[in-house]
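What follows is subunit A paired twice: with subunit B in the first complex and subunit C in the second.
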Partner chain A sequence: MKETGFYPGCSLQATSREYNESVRALARHLSLPLREIEDWNCCGATAAHSMNHELALALPARVLALAEAQGMEEIVVPCAACYGRLATTHHTLVTDETLRQKTCDTIGMEYSGKLKILNAVQWIEQYVEPLLANAVTHPINRKMACYYGCLLVRPHKVLQFDRVEDPQSMDRLCALCGSEPVDWAFKTECCGAGLSISRTQSVGRLSGAILSDAAERGAEAIIVACPMCHSNLDMRRPAANRSLGQKLDIPVLFITQLIGLALGIPRKELGLDRHFVPVPQW
Partner chain B sequence: MSKIGVFICHCGENISATVDCARVAQAAAEMEGVAYATDYKYMCSEPGQQLIRQAIREHNLDGVVVGSCSPRMHEPTFRRACAEAGLNPYLCEIANLREHCSWVHEKGEATTQKAIDIVQGLVEKVRRNQPLTPIRVPVTKKALVIGGGIAGIQAALDIANCGHRVILVEKEPSIGGHMAQLSETFPTLDCSQCILTPRMVEVAQHPNITLYTYAEVESVEGFIGNFKATIRLKAKSVDEKKCTGCGLCTTKCPNKKIPGEFNEGLGTRTAIYVPFPQAVPNKPVIDKEHCNYYQKGKCRVCEKFCPTGAITFDQPDQFITEEVGAIVVTTGFRVLPTSFFPEYGYGRYKDVITGIQFERLASASGPTMGEIRRPSDGTVPKKVVFIACCGSRDPAKGIPYCSKICCMYTAKHAMLYQHKVHDGESTVFYMDIRAGGKNYEEFVRRAIEEDKVNYVRGRVARVYERADGKLVVRGVDTLLGAQQVEIEADMVVLATAGVANPGAEELAQKLHISYDPYHFFAEAHPKLRPVETNTAGIYLAGACQAPKDIPETVATASGAAAKVVSLLSQDDLVREPLVAVVNRCAPPVYSTCVGCFLCQTACPYQAIEREEIKDRQGRVIKTVAKVNPGLCQGCGTCVSFCRSKAIDIQGYSNEQMYAEVNALLNHE
Partner chain C sequence: MMTENSHTPSPAERLKACSGVDVQLCYQCGKCTAGCAMAPEMDLPPSFLVRLLQTGSPAAYRRVLESRSIWLCVGCEQCIGRCPKEVDIPRLIDCLRSEAQKEGCVSPEASDIIKFHKSFLGSVKRNGRLGELDLVVEYKLRTLHLFQDVDVAPGMLAKGKLPLIPERIKGKREIDEIFKKSNA
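Moving on, here comes the complex of A and B:
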């Protein structure tokens, strides 16, 4: 089977280790080869692209060039923010030859632009989904609210992934795991993102609105594919609950964790014990 | 040896300020073939024209070059002057010394020299001009109107009232179009049906109008004055001669749950149906797609109950051919459905509706008998949000233009809602209010001031349905410092953009008329020829050109009708003879045309025909191209395609053009 390059980014090494663990557990369980890009660096995140355009291109470009130099044809980028940066940079470099040359000069490496960049959902759709029908041993018969956030689907012109306002891909995957995806209104609302540290209260208000809509529609868990979304909905739960004046204990799972559970992978391997809001035994 | 007269105009100071006109005239007098040359301050004035006429007579001139303004301006003037003096008008040419020379250059020797060169070029051309006579084509005194909305109705009635016969083709089972769907009309709030339905009846009863409903134009051939249209009469499965319109079949049809087009999906209809009670003609058709008999092979309930035996299941589509002299295209428009708007729920929310759906709710003949009720549960909404510019003026949505009618109908909707639901609250989100029109601004002010409609200037980012079923409208109020606004609404009405009908592009190609990037049909000139197309004899009216309100639609329809009537009032049509001609010469060559017919594929007007040259025994010697002068627009595409140089445009032959260009280039 074709090997897929793997770019973890910083979150998957720290706050979202369970995302990393669950992606790798899925790959291991289904024998899907993943190879981490050697010597990868920061994608630049929000800081670079809000301050320095050149740096915002150069940092992801180096990652892309490394992947290409290491013989990879496609890479999976589970973190939605990293995915956004890498995909946007790729798009800029393949559509603007002058910028491509300039950026290649900056990083001192070549990038042809032939690399294919997948987010976690796309990787699952491509490699995991065809196997799911036979591999699901423990269907999770629960109501799930799939939360896509902003970075997974936007900007649509660049990413060309799913529907911008009412995405469906994770909902479909949920159904394949035996769950019932709920139709709700906050799939792509802002969770507060990077304000998590500087303005926790705002994040509490925004994430609170998302949690409460999901809860009102009877969702028993929220499914995400972004470390930022996860930490705001999970780690910032006290702030959200304060804002709502309620005590919501609805757990937040990565899509890879949900699929892992449905495949019967042990909870520990999926990092389910790392969550702030406990995930019940289903 | 030709005797050409050259007349250099000063155009007041427009030419003489930078060009030495007297010197140009002197130089012209020296040119080969020039018998007379002079200059004058205003050549287009009566004394100027007299100068030309006199010179033609005195010097027996056989060609005239006027060095003046653009031929677009005064070519007809000077050609008329020449004709008055007995010279064939096509032997007069204009050297454009104003736009092409004096206006664009500084005063100086080079400028005068350029003027002389231009005159020299035209002199060389005129030496090779041939006298031409205008083309006369007979006119079929009958018009075809495509589309039976208010535009088509108005155009058909106007033409028919002038005594000409009209064929009116409508693709739906009834005429009436969008206007029949409307409740009240702005800015007077008079009932749309009350002003429209009498005209629909008039169309049906008019002795000069032949009405074909449930019919579509299949193809159109021919040219101005002589079109031949093939019309498909879709099988109605009901014999119109036998049907009395009693309506029993529609009450007996078991298939009752089909979303009705006339009520924009808010009401249902049966498979055998009349679109609405006031329909013209008021006779049903069977919708084969939903009919149990056509789909599953059994039912025939309508046939069993029909008292006159009018149901004819085996009726085929019929094709008829009509010869007409003029065509008016009035195929209208449509509004985008709510499903076009991801941010407003992809059309999933039942209580997010379009403006035209609101019209049906507000209409006395609508599914709620004119009461404003929510499509989801039938309750009366207490809070309604109207969103203007849905799609319109939004390049990201591919619709950069303004749909023009939405500001007014949104004000009307809010007003009607306030009149019907006294304790209701209405909010309009808008970008700008475009209320240009007689009594329009006053109407909007009335909605705001008397009916207390809450106008918020800002865009709506999202509409979503909360778990409890309330619609949340989230927008911004740009007049309150871009403050975020969130309104819980019971119903949301989207003023969705007006766009071209799905079949517009195809129809335009059938008719050989041009259309814009949005598939609206293009006028010959946006200001001065607003109801004509670039194809002679085909006219436009109404919203097939761009979204239009009723007054403007009716005005263009009457305008198009006036154009048609003036065309049909002539027995023959006179056209400029500047058309392509395939040469003919003596046997055994007959023509340098080799019969490759590349020209036929190149001609955008389908003006090129095949002609067989036969000997006396009737055997075909050669097949060559022949240009139909009635169709040819003189564009010259065929000339450049012709491999054997067999085609020339009269008045602009290759020989003439080469001579003109050579004269321009061949000087020291």
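Moving on, here comes the complex of A and C:
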């Protein structure tokens, strides 16, 4: 089996440890080889592209160049925000030769642009999905609202992933785990993303609207593939509930945790006890 | 070398050179504003902001630079996703933010957001990776919001989500070089 490079990014080392744990648990359980990019750095996230365009290209470019230098042909980037920054940088560097040269000079490394960048859902579709039919031992017979957020699907021109307004890939994966994906209106609405600390009340308003629609449609959990979406819907639940004036207790799981449960992987290995909103025993 | 055509670029020309975006393509359909998650909190909703830029008037340009909108944009990319003319508003806004800082006319209401970005980049500069505790400490010192999120921190610690010591990468010098060359 071909080895896939792995870029965890900073959130997966801290706030979203359970995303890291559940990606690795899936890989272990299904014998899918992952190799972490050695000495990776932060992608710069919203802060870099808000403040300094050159830095916003150079930080992700160093990661891409490291992966290439370490002999990787493709990498998986589970954090949707990191994925957006890496994929956008890759797109800029392969379409603008002047910027490529300038950025390579800034990082002191070469980047040919042959690397393939996968988000978590693409990695699952490519490597996990073909094995699912035989591997699901504990179907999760629950209603789920799949929440894609922004950076997994936008900008579509660059990412070319799924349908931009009504994506289906996670809905399909949910169904393969025995769950029933609900039809709802907030699949790709923004949760407030990087304003979590600097403007928590905005995150409360936006995340509240998402949670409330999912709950009204009868979803028993929300499924995500982004650490920012997860922490805004889970850790920022008090702010969301304050904004709504009600107390919603709908849990939020990473797609890798749902698949892990369906494969019978123990909850602890999937980091399910790390959530603020408890996940019931299904 | 000076040529006959050389002149100081106007703000509109600078913006186009930075972003590669032609604001004249916009025909004010308003889909960006309708879909913008932050529009309800903005002083200039996205379509209004683009309209001001289209006028080319220095006063209108100044109004955009001073707006709170350019700092509230979270870069969710919904506007460009729905724009029939593919006007890249998030890219425009990235350029406007850096212009606003250069011109020293940043909206006072953006203060916490900018302090957050600076604290974030400060941590990345020190370690090569983001230390979340490192970020929060610097943010609190910059904003003096000392008691914000004190209710969340114990839960994060208990759930193993707040490492006390940031990870530092081996290529720290390369990161220093990147920050230096980017003037960051």
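In this text, the second predicted complex is superposed on the first by the 282 of 282 C-alpha atoms of A that agree within 3 Å, B and C clash if a C-alpha of one lies under 4 Å from a C-alpha of the other, contacts with A are read in each partner's own complex, and residues count from 1 in each chain.
In this section, a contact is a pair of C-beta atoms (placed from the backbone, for glycine too) under 8 Å apart; a residue touches a chain by one contact, two chains touch by 3 or more.
Please read all numbers here as calculations on a predicted model, not as lab measurements.
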Practice item. Could you look at A:L59 and tell me whether it touches subunit B, subunit C, both or neither (first, second, both, neither)? Key: second
Point to revise | Broader residue contact with subunit A after superposition on the shared chain, subunit B or subunit C | key: C
Check your understanding: Taking the superposition as given, does A:C42 touch the first partner, subunit B, the second, subunit C, both, or neither?
Key -> second
Exercise for review: Pick one for A:C82: touches subunit B only (first), subunit C only (second), both, or neither.
Suggested key: neither
Exercise for review: Give one of first, second, both or neither to describe whether A:L118 is in contact with subunit B, with subunit C, with both, or with none.
Suggested key: neither
Review point. In the superposed arrangement, which partner chain does A:A185 touch: subunit B (first), subunit C (second), both, or neither?
Key: first
Exercise for review: Could you say whether A:R17 touches subunit B, subunit C, both of them, or neither, answering first, second, both or neither?
Suggested key: second
Review point. Counting only touches as set out at the top, which of subunit B and subunit C does A:D213 meet: first, second, both, neither?
Key: first
Review point. Which partner does A:D166 contact after superposing on A: first (subunit B), second (subunit C), both, neither?
Key: first
Study note, to complete from the structure: The intersection of the subunit A residues contacting subunit B with those contacting subunit C is 164-165
Study note, to complete from the structure: In their shared complex, subunit C is touched by residues of subunit A numbered 10, 13-17, 39-42, 44-56, 58-59, 62, 105-108, 150-151, 154-157, 164-165, 188-190, 192-195, 197-200, 202, 206, 235, 238, 273-276
Exercise for review: In the complex, go through subunit C and note every residue touching subunit A.
Suggested key: 18, 37-38, 41, 71-72, 74-78, 80-81, 86, 94-95, 97-98, 101, 112-118, 120-121, 124, 128-130, 132, 136, 139, 148-149, 151-152, 155-156, 159-163, 167, 169-171, 174-175, 177-179, 181-184
Check your understanding: Along subunit B, where are the residues that touch subunit A in the complex?
Key -> 342-343, 345-346, 348, 462, 464-468, 472
Study note, to complete from the structure: In the complex, subunit A touches subunit B at residues 163-166, 184-186, 213, 216-217
